[in-house]
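Quick heads-up: structures coming right below.
The same subunit A turns up in both complexes below, where it pairs with subunit B and then with subunit C.
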Partner chain A sequence: MLEVRNVTVKYGNIVGVRNVSFKANSGEIIGFIGADGAGKSSTMHAIAGVKRFEGEIVFNGYAYHSPKEAEKIKPYLSLMPQGLGLVLYDNLSVKEHFEFFRNIRGVKKDIDYETRLLKMAGLYEFQDRLAGHLSGGMRQKLSLILALLPRPKLLILDEPTTGVDPISRKELWEIVDEFRKKEGIIALISTAYMQEAEKMDKLLLFDEGEVIAKGNAKELKESIKDYTYEGEIEREDCFSFNNRTYCLKPLNLKKAPPLLEGVFFVNALKKGKKNLKINLEEKDVKLPEVVVKAVGLTKKFGNFIADDHIDLELKSGEILGLLGANGAGKTTFIKMLLGLYPIDEGELYLLGKRIKSYEDRLELKSKIGYMSQRFALYEEMSVKENMEYFAKMHDLSPKETKEKIEYFSTLFGFKKYLNDFPKDLPLGINQRFSLSVALLHEPVVLFLDEPTSGVDTIARATFWRFLREIKEKWKISILITTHYMSEAEYCDRVVVLKRGKKIVDEEVKKLHEKFPGLSFEEIFIKYYEESG
Partner chain B sequence: MKKFFAVFKKEILVFLRNVGLVFILIYAFTFDIYIAGEGIEVKPRNVSIGYVNYSGELLAQKILAHFHAPEFQKPKRFLNEEELKKAVFNKEIMVGVIFDKGFEKDFIRKKEAKINVIIDATAAAQAEVSVQYLTQTIYSMIDGKMPLNIKVYKLFNPNSNSKWFMSLSELLSVVTMLSLVLIAVVFVKEKEAGTWDIMLLMPANGALIIFAKIASQIFILSVGIVIGIGLILFGVFDVPINGNLFYFFLLTFFFVMAMGGIALVIAAYSNSVLEVSQYTILVVMPLLFLSGAWTPIHSMAPFLQKLSIISPVKYYIEGAQSIFFRGTDFIDLLPYFMGEIIISAILFYLGYKKMGRLF
Partner chain C sequence: MKVGVIKAYLKKEFIDLWRSKMIIMVYLIPAMIVILFGYGIRMEVIHSRTVIIDRDDTKLSHEIIRAFSTTKYFDAKVLNITDNEALKLIKQNKADLFIIIPHNFEKNLMHSSDSEIAVYIDGSFPLRATTLEGYVQGVFLNLLEKNGVKVPFKINQRNFFNESMRDENGIVPGLIGLTMLIAPAIIAALLIVKEKEVGTIFNFYSSPVSKIEFLIAKLIPPFVLYSLNTFILFLIAVYIFKVPFKGSFLLYFLASEIYIAISIGIGLLVSIITSRQVTALVLTVLITVIPGFLYSGILMPISSMTGESYIEAHLFPVMYYNHLLYDAFLIAQGFNSPKNVEYFFILIFYAIALLFIGSLLLKKELK
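Then we have the complex of A and B:
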């Protein structure tokens, strides 16, 4: 039994999470769902006894109020922190990891149990391999079985599946599921994937440092069924996303079966948040049909082939989703297209022109917009200073610059943040500000590298609506990478990479026709398994 | 040119917003130089002295009377040799003097008189100088008995003011260190923050970005140097300037370009600011050793002397000392300038090539 009573975690004056309370019985999986910075990790760290908190936590009859008091329960709990294989040491083999963790956790060697763990994770044959040479999915499975090594009664996993390939994700879930049934452990798992919520017994939905809803997936969905409609509309007091519209006022639309993400939309509406109006003016742009064309692009790092003969065409006015797990070669591929990495083999055409030399690229740089992972911009400069800098680099006049800043900050709703520093912005605002920087010089093609990871549901929905508008009204082609398979839904076409090879290149519509009734997640697992 | 200034302005802004770096710059160009000038002494100062006297009081006290503040603490009397030795061992006393039983008698009879001295050689420099001081004191007591007299004329620094020398040396060391760090960091920070790719995707020539970034750091350094010279060298220590300060700045410029070349190589290999500092220490130590900043070059091992020809710091330090203390004319400074310019051209070319490949 785990009982959390009014737990608040503070970082200096900033509240990480406020007044969390819940109960968990042995054998239950408790899901923490929410964006980065919503309070999931803070709550987990408080329960694991690694972070100071206010309130009380009771585990199997023992109450603790501080990390010091929590020492007593530490032998019974395992925490797997966020980040792919962060607890692993690249230069130790799988076997050595077991020895090391046995020693630091003070566990006796139990060959049967360890063999069982290794077999479940599919690592039995790889015991001599260095952790640094394991794939992302394998690393994550190794981290998980190491966490299970001391036979914990309380297992805390912080985003164990983020960025992991769909098959490994499935296997991770199977391991957790078996253990909670057989050993009766309580598992607290945070995730950014809504689909995984179905597998949990109880869910806590986090938003802005608060738990906004509790219950199982069915109950939560039930609670918003009166507000969920079919189709998408453009209204200030409604949110529309993914072929659903959420509105507190009755609408003259057909009701639709609710989705879990709807809870976040309804909560935002209840808090009085408004839908951002999106209305771009049409631009008349003439572009060749194929904007970017890659033929047999290959990139090697030593013996490792990051991208293996990949063909790709990006057509004008299209959103192309480049999907794949961490380490599948997405970022490397984008960097080749951008000319940041030299190409080892293959040909690249931009706007019909073959790109070979540095000079070719320099000429076309002004046609490309790029938004890098984690929206990296200059931390030491305010939003406005950043924009002014980029405008100058793109030869915009001071008058144009002023107009553009005004235009984009109004359009993307970050006008009141103009004098703030990027790190002080909410992630969703930061994301749109980065997008505006990428659009400042009116590019014809936009490359977005994981622009939605960690961003909350509403900001993500808004972002996708913007991308659609930009594509339709400004005729900009967009190439976007993501590890959320479900986001494929919003692309026109998807390309899926698996370990440097292309395994899918198909229009989204056609995929649905081919596999009626299946979700994208399921379709991709099918492709993944087929490709071996 | 507009883009050049955009980058330049951006880097200055980024620097000013980085409280830690601003603090280091100000500290290095003020307190650090002050401490070096004030703290590193080759004269004895506040040395603890102890003695044991088995001989008569008169002569011993006459000698001991020469040990006074500020060079020495009041001599402390010990009853026997063992206790004095213990005190030296426990670091309570740095110099121990033992007057033997027959000392006074022997001295007066002009026989071989002997004073035993125990020194704590872990404080080597201070102890050595104390012994010299003791020797001089004794010679002056038996004045006229020596047939030879040395008359010394001290040029350029008549009071043998070590503060002048030390503070200028430290200023030059700070310039060496900071020029490496600042120029490397201005590139590596982009890598660390993940903005490197965005920087490369700017429709601007790579050379323009590289030069603008370096120029911004040279500007920051110049401000630091002006503060260091104005406030500490001239303000606190009254260091003379016998030559033309403009030549010093010109020489500094070429020197910083040479350091910039090394910094570019460091930046090309480093992925984080931490790595920069590690590489910098690796590079700075031999550079300073070979420069003559700490040991005069002609007292180094022969092969090191040859090696020092390629050290850009050597020309900088010798040139700077000539400008400040000797007031050398430009024509006589030419060798330093030539050496600095040649090395700077080579190093900068190498660094630029290395960094340019990343653009």
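Then we have the complex of A and C:
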């Protein structure tokens, strides 16, 4: 039994998470759902006894209030922190990891058990391989079985599946599920994937350092069924996303079965948050049918082929989703399109013109808006100064700059944050302001690299609405990368990469026709398995 | 304390040091510092470019010229030029000093005592200038004596400990003191900070591994590796730089072991306040190189320091170790000298204090 009572975690003056309380019984999986910075990790660190906290935690009758007191429960717990294989030593082989963890955890060698773990994780054949040479998914599975090695009673996994390929993700879940049943452990698992929430026995929904809702998926969905409608509308007091509309006031629309993410929308509405109005002026732009065309683009780093002969066409007025796990080659590909990496093999055309020389690339850059992973903003400059800086880079006059800042900050709703520093702002605000930076020089193509990673549900919904609007009214073609397979839903067409190779290139509509009733997650697992 | 845990950690550290090739750094860098600096630093002034303007042209003036030409300290050239031209040579950095023997110099000297020789020295490097001044005076003093000019007393000079006045003898032991302060501290800091930066520190935080086990496992590798370095550096000093070793090897070894512990203690403190390897590296280098160099006694004897610098020199452990090092290499008093005993215990105190503070400040939790 685990009981968490009023736990608050602070980093100096900043509150990581406030007043979390919950109970968990053995054999239960407790899911922590929420965006980056919502307080999931802080709570986990407090429970694992690696971070100071206020409040009380009781595990199997033993109460602790500090990391020091938590020492007594450490033999019974395993923590897998956030990040791909953070707890692994790159220079140690799989076998050496087992030996090291066995010894530091004081566990006797149990060959049957270890073999079972290795086989489950599909690492049995790779025991002599160094951790540094394992793929992201394998690293994550190795971390998980190492966490299971001391047969913990309390298993704490912080975003174990983020950025991992869909098959490894499925396998990770199977391992956890089997152990929960057999060993009767309590597992605390945080995730950024809503669809994984269904697999948990109990859920804690985190938002801005607080738990906003508790219960199992069914109860939580039940709680918002009165506010969930079918279709999407544009109103200030309603949120629409994913073919659902959430509104506290009764609407003259058909009710729809609620989705879990709806809890975040309803909570935001209850807090008095307003939906951002989006209305762009129509622009008349004439562009050729194919905006960007890549033929057989290849990039090698030494022996490693990051992208292997990839063909891709970005058509005028479409949102193309480039999907894949971490390390699949998405970012490398975008960097080649941008001219940030030299192309090892293949041809690249922009607006029908072959891009070859340095001058071509300069011209290329003036037509492309780019938003990099984690946004690449200057932390020491305010939002306004950042925008002025980027405007200068694109040779905008001071007058134009002023107008654009005014225009975009109003449009994307970050006007009141203009004088704040990016590091003090929520990820969602930074995301919108980065988007406006990418749009400053009126590009015809927009490349977005993982813009939604770690961003909260509402900001993500708003962001996708913006993208659709930009596409429709400004006729900008958008290439977006993401590791959330479910986001494929909002694209017109998707290309899926797997270890540098293209395995899917299909219109979203057609995918649905081909696999009726399947979720994107399931569709992609099929493709993944097919490609071997 | 569980021995199994420590053994597991130690094995992992050594595998990692080996496979990450950090082991090369452990052995190459100290040897490199000693060899590069050992050849690079020279305090001695030799082959000074000397211009002699002989306007006397007598037996005595020729003797003066000969005296300056037959020593390694001066490369003398006799030129017939004006004072201004000579000055120009110094300005263009073509000469370090010039000497003017005036007309009638010998005659005046024989008949009256009123006679002058002009010596002009380039003073842009004060240390070199004063050294040259001393040399020049010495040459003249010798000459006068030889020529029967009465000097009221005779200097019978002899250098102790470094009889041949070799630069290497003075500098190389000091460099060992510098190296052994920098290098173990860097490795100790990096071994801990690397785990923080990568995230593997969670294996320590969230497991039953105790603080003392972790510390022992982290500090033993640099200690053992650098203990071997004390032998390597000793061999470099004695066989490459031919520094005499007159004292007790036991004193050298014991003092070095304690000194390594001090250095590791500094590394430990750095690892507590930093969380990135780059920061840890820069910070360690900063806080070890400056005192290690300034207050080691390589450049300037501590006894001639005054005020703040004297206090600072006594605050850093470098001075005490270097004193023992010089004793071991050149003086050979060993533990017979009460000062050596005192300094030895001061070093022990530093080692214990640093490691104790470090282990108190190390927390088994996230900041």
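As a working rule, the second predicted complex is superposed on the first by the 532 of 532 C-alpha atoms of A that agree within 3 Å, B and C clash if a C-alpha of one lies under 4 Å from a C-alpha of the other, contacts with A are read in each partner's own complex, and residues count from 1 in each chain.
One rule holds for everything that comes next: a residue touches a chain if its C-beta (ideal position, glycine included) is under 8 Å from a C-beta of that chain, and two chains touch if they have at least 3 such contacts.
What you see is a predicted model; the values in this text were computed from it and never measured.
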Since both structures carry subunit A, what do subunit B and subunit C do when superposed there: clash or fit?
clash
Check whether A:78 is in contact with subunit B, with subunit C, with both or with neither, and answer first, second, both or neither.
second
Would you sort A:251 into first (subunit B), second (subunit C), both or neither based on which partner it touches?
neither
Tell me which partner touches more residues of subunit A in the superposed arrangement, subunit B or subunit C.
C
Between subunit B (first) and subunit C (second), which does A:49 come into contact with in this model arrangement: first, second, both, or neither?
second
First (subunit B), second (subunit C), both or neither: which does A:276 touch?
neither
Looking at the overlay, what does A:392 touch: subunit B (first), subunit C (second), both, or neither?
first
Which of the stretches 114-122, 150-158, 222-230 or 348-356 of subunit C runs into subunit B once the two complexes are superposed on chain A?
150-158
In subunit A, both subunit B and subunit C touch residues none
Tell me, which parts of subunit A touch subunit C in their complex?
45, 48-52, 67-68, 71, 74-75, 77-79, 81, 83, 86-92, 96, 99-106, 130
Taking the complex as given, what residues does subunit B use to touch subunit A?
2-3, 6-7, 9-10, 13-14, 17-18, 193-195, 197-198, 200-205
Parts of subunit A lying in touch with subunit B, wherever the complex brings them together:
335, 338, 340, 362, 365-366, 368, 370, 372-374, 376-381, 385, 389-390, 392-395, 441
Contact footprint of subunit A on subunit C as seen in their complex:
2, 4-5, 7-9, 11-12, 15-16, 19-20, 198-200, 202-203, 205-210, 363-366
